[in-house]
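Across the two complexes that follow, chain A remains constant while its partner is chain B and subsequently chain C.
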Partner chain A sequence: MAVPAVSAPLLELRDVARTYRVGAGLFAKKRVLTAVAGVSLQVGRGEVLGLVGESGCGKSTLARIILGLEAPSAGEVFLDGRPIGSIGRLERGRLVQPIFQDPYSSLNPRRQIASIVGLPLDVHGIGTAGERRDAVAEMLALVGLAPHHATSFPAQLSGRQRQRVAIARALVLRPALVVCDEPTSALDVSVQSQILNLLMDLRERLGLAYLFISHNLAVVHMLAARAAAMYLGRVVEQGEAQRVLTAPRHPYTAALLASVLTPDASLGLPQMRLGTVFPNPLALPTGCSFHPRCPLALERCSVERPPLRQVDGDGLVACHLAQ
Partner chain B sequence: MSEIALELRRLTVDIPTDAGMLHAVRGVSLTARRGETLCVVGESGCGKSLTTLAVMGLLPEGAKRGAERMELAGENLLKASPSRLRALRGDRMAMIFQDPMTCLNPSLTIGDQMTETFLHHGKGRRRAALDRAVALLERVGIAGAAGRIGQYPHQLSGGLRQRVVIAMALMCEPDVLLADEPTTALDATVQLGILQLLAALQREMHMALVLVTHDLGIVARIADRVAVMYAGEVVEEGAVRAVFDTPRHPYTRGLMQCIPQPGITAPGTRLGTIPGLVPYLVGEVAGCAFRGRCPHAMPACALPVPVREDAAHAWRCLL
Partner chain C sequence: MSGAQVTRRARWRGNWGLIIAAVVLGAIALMAVAAPLLAPFDPYEQILDDRMLPPAFVDAERASPDHLLGTDNLGRDYLSRLIYGARISLLIGFFTMVVSGVIGTVLGVAAGFFGGRTDMVVSFLVTTRLSLPVVMVALAVVAVLGGSLQVVVLVLGLLLWDRFAVVMRSATMQVRSRDYVTAARAIGCSVPRILWGEVLPNVVSGLVVIASYEMAQAILLEAALSFLGLGVQPPLPSWGLMVSEAKEFMLFEPWMIMLPGAAICVLVLAINLLGDGIRDLTAPEGRR
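Let's turn to the complex of A and B:
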């Protein structure tokens, strides 16, 4: 792959927002739902950025925007230094590819594995039929599938094998960036560990960059060099992964860390004083969106939204209380 | 030692398939005591869910159940008639599932659904049922419970729905609450709230909580006793500290090495794996079912495996 003249980051988001107009009822006025509100992130070549957050925080919407499946309502997305809108569908496919959560619904049940993995090559018209066959065989070997799997159908494979097929399909065009959206959440623990190991191996061998999205902080910390936490459409903390994921400074990231249950039988259930009142995304709280659930909230937090500000070196935190 | 709420001895569940009989649960013995949390842990297809469904008498059609003993607070469930089982379900034993919507009727209000079992089991009149429903909703942390009972399930978030289902299961103060992956569909912070609630209710009501999960982290933090299942069998069982501090079965040890832990597992290091696939349980299954994936397998593993034990736990392995 050609190296661009200027060393622009592989992926850059500048103040990306995405809103939807949703109907509240048959005759009710349409209302605006803000899924992503002003997110700025960068992923360098060969880098892994972990993105953590819970359902409804906008992380999957962000993934769809980066994959070009959805256009942002505001802000700019640059892939390889160029605006994503100026990159054609086929070329975009060679820069960025997805791996989704559910290996059961993301594979066409009527196609053989070789055909699923080779489809991107066919679409892009890369190589002769023989070369494509070889490329598919090489890819299957790379993700640890046996040659005979090429003629299997998805229904004949286990969950772990299907997720390997999904990874092979994502990598067959040798993209620079892979958007992994909860790639191990639907898998058993013994399968999850294999897939995580495989993703780590492939990154080293192919020099891939990942945007690794998960609600599971423990999984993200295995791969990510840098990490960002999202809450209700905004990045609330960002920085070096080890610090964000093991010594977080935003109360929300801290709550996420506290809710990771490590298999230590000498510890009981952690105490977490986190409110269970979930904000309505159609009527976001004033001030800091986390304040209704935050155990440390001050009066100021319900009035004034904390900006994402630098607290040390590379670390950014959106909290009035962060030092 | 406290009172036994649920006792299973050599439970089997066989499912006829086109290829032959699938031995999904193969001789599972479990004991759950009042005031105790028993976790049944294992991966997909290990038979953990079928075990709880067999207790409830809710196995899928065609599945065959066998057992030497199956007792709920001293009552023999093997001899219970379908009408007796109906009387016990929701009253002496209750169950909650992963997806709260499998337990909730989308077209009935929360109040109607919560009072249904209470009224069905003749625990009191409608007024008393509604009062109990409101009290329980408040107990499970639903603010404005009196207003909520007129609402429909779709008006609640996933976490609140699971709280409603828990409250509903507790309407008649069961001896045993079976919970099958009750937090798997929930966000991590919501999961923790539900687990704290289940642990507190189990203590307050002095019931036996049987929690089925694939998550060893949950087990470590909530269980008093744990049973690790693999391929339809309990391979290791005992007090939670004994099983986690000195796991004896290679499968239990393998599982524990698969889990990433922030601050403990160094980033970028490879996690442990369990190579190979779960064995095929159709037809005769002999010897240790894990031997095909076990790093310590030896010829004797193909023979029936003795159960070994120490003071705090038991395991099914030659080692």
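Let's turn to the complex of A and C:
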């Protein structure tokens, strides 16, 4: 096995795109749906990258590509400096693991918890049966579950406990990268912070890197060092999380930020001035894909697509207007 | 753990259909297994002097105390033939269900999991199968190959898998998109391992109901084929064959046709009730 170059980031995406051909009916022509339209990202070892964007912007497709469950239609994905296609499925599993949004669908209802958490060790043939049992017990303790939960079935656990099990399953192979696809949005608000604290705690202890996908800006702000905002399959802004989420330079990021509801009712509903045109991934707009909804759009925006360019030292923005 | 056991027992308690079905089926199965011990006579032994003796509850004067349920037109003990007939019905029902269940489950799970071209091929096979009238095809094949237990089981097994395939296909399509299947793929599980460990355990609960339905269906079809003279061949004591043999005397000795008819009816009813009951019992959602 070739030793990866020290400088290679843990995860690198180069112009990754994923399109689907969707049929509208028996005789209709197939149309092209663009889920991801050219994304370049990097995640270093031990780093947390937050990825924000509204539903349907391609976040989850990107997650599936990074997990190797789907091949990109264009572009390249490198894990640990190697193209993802050249990594065997077992080794890939030891590099990157997912945590899903819905803890009710992510656990096999017919397996006991110990069997769910032990499955990765089983499949990878790690240790003897006794060692695996110990590893599972240790992992359950690490995510804050009681030993007696090992013999429970998922239906006997609460949503928060199930998410802890899902985290245990993802981490039992000690992957370098964990792709968290909205890991808290299906949970009660009171439970979300527990799970987030657990994730942060485990990151420190195990030296994990997270790609943290969320539409919850506060969560990303709390966890991530860097953040990227996606719109219609493209990264529109990327940079230090603190900066992106407090002083956004792209009008879409600014609108996302403005859309966060505050507990102060006197402020009323947030005004985003995004209009009522919803993005259609079957027919991407010309020029800047955000221009039909952008309150600041110029004529130029509908013709020429702004490149993702460095602005002002830190961060990348895809907007003609950004200074 | 104990909580689950308690609810399971509680679900048994009120479920009279299931309890009755289990008792009846258990009795019939026991009868079939222990037939040589239970049957008072050899089912093939013909005593032509004692032909068509009615059971005591039909005609106490003509009835013989030896033959509880009378004798048939060749003087064979009717009770013994009914007891041995349970063997034929259960054997055919069970093995037909196994054959058709294996074919249908493999095809259905493959179609549901892989989708695309596999799905198209399987759906085509199902459509083709549905366009064949079961009784006609079974009649034709049995007429060509000759009726025997093995032929009937194979023919029915090859004809009754469609429902398994359809139900398994849709159940698998639902399960395939669950996150735990994605998680298994991300772990690096092989496809057979995913099918066996993640998909199958979550689709089998639907299998029980169809299995019981198809078993009942196979028993009825065997009776129909035997009735038409193309199923199990005489002198084997099949219930369908007994109905067929008794039909000539239907107007004079109606009990002869009613006894095997009732036996078929009770067995099929019990199997269907058992299937429904087991589904209620095992559904993780606790459907009631």
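We take it that the second predicted complex is superposed on the first by the 314 of 323 C-alpha atoms of A that agree within 3 Å, B and C clash if a C-alpha of one lies under 4 Å from a C-alpha of the other, contacts with A are read in each partner's own complex, and residues count from 1 in each chain.
Here, a contact is a pair of C-beta atoms (placed from the backbone, for glycine too) under 8 Å apart; a residue touches a chain by one contact, two chains touch by 3 or more.
All figures in this text were calculated on a predicted structure; none of them were measured in a lab.
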{"item": "Partners on chain A (chain B, chain C) - clash or fit", "value": "fit"}
{"item": "Which of chain B and chain C A:R110 touches, first, second, both or neither", "value": "second"}
{"item": "Which superposed partner A:L256 touches (first chain B, second chain C, both, neither)", "value": "first"}
{"item": "Touching partner for A:A283 - first (chain B), second (chain C), both, neither", "value": "neither"}
{"item": "Partner chain in contact with A:Q242 - chain B first, chain C second, else both or neither", "value": "first"}
{"item": "When both partners are placed on the shared chain, which of chain B and chain C touches more of chain A", "value": "B"}
{"item": "Chain B versus chain C as contact partner of A:A218, first or second or both or neither", "value": "first"}
{"item": "First, second, both or neither for A:A28, with chain B first and chain C second", "value": "neither"}
{"item": "Chain B versus chain C - smallest C-alpha distance in the overlay, whole Å", "value": "8"}
{"item": "In the complex, chain A residues that touch chain B", "value": "54-55, 158-159, 188-194, 196-197, 200, 215-219, 221-224, 241-242, 245-246, 255-272, 274, 276-278"}
{"item": "Chain C to chain A touching residues, read off their complex", "value": "1, 3-4, 178-180, 182-189, 193, 197-198, 201-202, 284"}
{"item": "Complex contact set, residues of chain B against chain A", "value": "43-44, 141, 143, 157-160, 187-193, 195-196, 199, 214-223, 240-241, 243-245, 254-265, 267-274, 277"}
{"item": "Sites on chain A touched by chain C in the complex", "value": "64, 67-69, 88-94, 96-98, 100-102, 105-111, 116, 119-120, 123-124, 151-153, 155-156, 166, 169-170, 173"}
